[in-house]
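Order as written gives the chain letters A, B, C and D; numbering starts at 1 within each chain.
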Amino acid sequence: MSTVTLSRHDARRVLDAALAHAQELGVSVSISVVDDGGHLKAFERMDGASFFNTSLATSKAITAVGIGMSTEDFMQFVAGIPPLLAGLSAQPNVAILPGGAPITVDGVVVGAIGVAGGKGGEDQPVAQAGLIGLTAAAV
Amino acid sequence: MSTVTLSRHDARRVLDAALAHAQELGVSVSISVVDDGGHLKAFERMDGASFFNTSLATSKAITAVGIGMSTEDFMQFVAGIPPLLAGLSAQPNVAILPGGAPITVDGVVVGAIGVAGGKGGEDQPVAQAGLIGLTAAAV
Amino acid sequence: MSTVTLSRHDARRVLDAALAHAQELGVSVSISVVDDGGHLKAFERMDGASFFNTSLATSKAITAVGIGMSTEDFMQFVAGIPPLLAGLSAQPNVAILPGGAPITVDGVVVGAIGVAGGKGGEDQPVAQAGLIGLTAAAV
Amino acid sequence: MSTVTLSRHDARRVLDAALAHAQELGVSVSISVVDDGGHLKAFERMDGASFFNTSLATSKAITAVGIGMSTEDFMQFVAGIPPLLAGLSAQPNVAILPGGAPITVDGVVVGAIGVAGGKGGEDQPVAQAGLIGLTAAAV
């Protein structure tokens, strides 16, 4: 069996595109990129971003790669099912909060980006901007 | 004092019957079988099933053997009691989500099966299919 | 970038070959097979094997896939370097003890097997026997 | 009171200089840069570097910033004092192994770099190369 994997260069393209969008929005965030095993591949914490969000960014990325959908969409889904929300939130390294998005290459989920530290809903848009960076690079 | 215990062969029969049903349903899941002490006895993660569900499958099995009923039934029970749901869900290795079912031999709970990774309600039926596998083998 | 991965069928072949050898040796062990991300793919605990070895078997497998060599060879290597031994042993999910061996397909480390519970040096031979099972299946 | 801090740009300069040296040496490593609080600021795992070294790289960086000296020098120091070695190694996030070096700006320790994954003594030289990157950039 063979599969596609996330290269270091792709991980940094995703990271840098997300960073650029965070700067446009004027927010200081932590950004994690993980591989398909949920292991950290690249990370950067912007100046002014609290240490508090470091592991949260990674947990969002792990959740997104594990679920295979954005954590914002998943949050909407589980919000109406209290046992699911409580049960999953209690699992280690799970964060059902906006800011995580799977990275897909050739239809395969190869990793995910997680963003934490925004103040008013910027985390998910910053994560999505990272994905656009990868697409742009591939063109 | 003597008791019935879950043998390795029984554990694999349960696992394989659940695997077969998951394949019929076209879902990729993780399947855990634990003994009466909640300790892993057999496990398999299907191709395409995320690492994300590995520990969740075991937590569902641990919950089912600890409670002595299916996690789906238990979830229905605690869903109406938010403090109980929140308090239990925060315990380590507890997962009050569909997909766990106790394994009973001669009226004694000897272990449980836990299934995670289905996308639309398949976890509990896959777990129940595992139980049928044991019954069929005993005949 | 693409890579080879460990299928469920390969994982079970490794597991079953190791189980057969443990039975020949008359020992009751726990056997874990993990993928290249260190995540559990297949597991079985033999009748008579203590729950105590459940997580140890997985830690040995994680160590073997992370190091890319058998844990017995690695133990020999670090035994003469006390800081390395102490430093690595304190890491989570690391077990620098005999019983772990990487699984290689086409020259790529795709996972590992970990065995725990032997009483007198059987863990490493049982793990190695698992690898032979995969080779035999490929022929 | 004011203090010098490690900026995101400085962190990336350190990271990139270390990456370049690892590539020269032909090793695949994980590289962590932490701030003066021991919190991750930047990270990258090279293609071919195992997940196994992800947290170890960060632990080396945390140790270096906490001790204020290279982890290689500190390892030499404690190697002759087994209780100190054992006691410190058992602390969470401590790694008394070569590969960690404090980052100093204007005589103030502002953070550290940690490198893990080398096979024969490359971790410390790669970490030191990261420091040179910062100096070069400042000129």
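Going forward, contacts are C-beta pairs under 8 Å (C-beta built on N, C-alpha and C of every residue); 3 or more make two chains touch, one makes a residue touch a chain.
Keep in mind that this is a model prediction, so the values were computed, not measured.
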Whole-Å distance, chain A centre to chain C centre, using C-alpha means?
32
Separation of chain B from chain D, taking each centre as the mean of its C-alpha atoms, in whole Å
43
At least two partner chains per residue is the criterion; list those residues in chain A.
1, 7, 35, 37-39
Graph shape for the chains shown, where an edge means the two chains touch. Line, ring, star, complete, or other?
other
Taking the top-of-page definition of touch, could you list the pairs of chains it picks out?
A-B, A-C, A-D, B-C, C-D
Please give the residue numbers of chain A that touch chain C in the complex, ascending.
1-7, 35-39
Under the definition above, what is the set of chain D residues touching chain A in their complex?
5, 7-8, 11-12, 35, 37, 39-47, 51, 54
So in the complex, which bits of chain B are touching chain A?
47, 50-53, 55-56, 59, 75, 78-79, 82, 85-86, 89-91, 94-97
Using the touch definition up top, name the residues of chain A that touch chain B in the complex.
1, 37-38, 62-63, 65-68, 82-84, 86-92
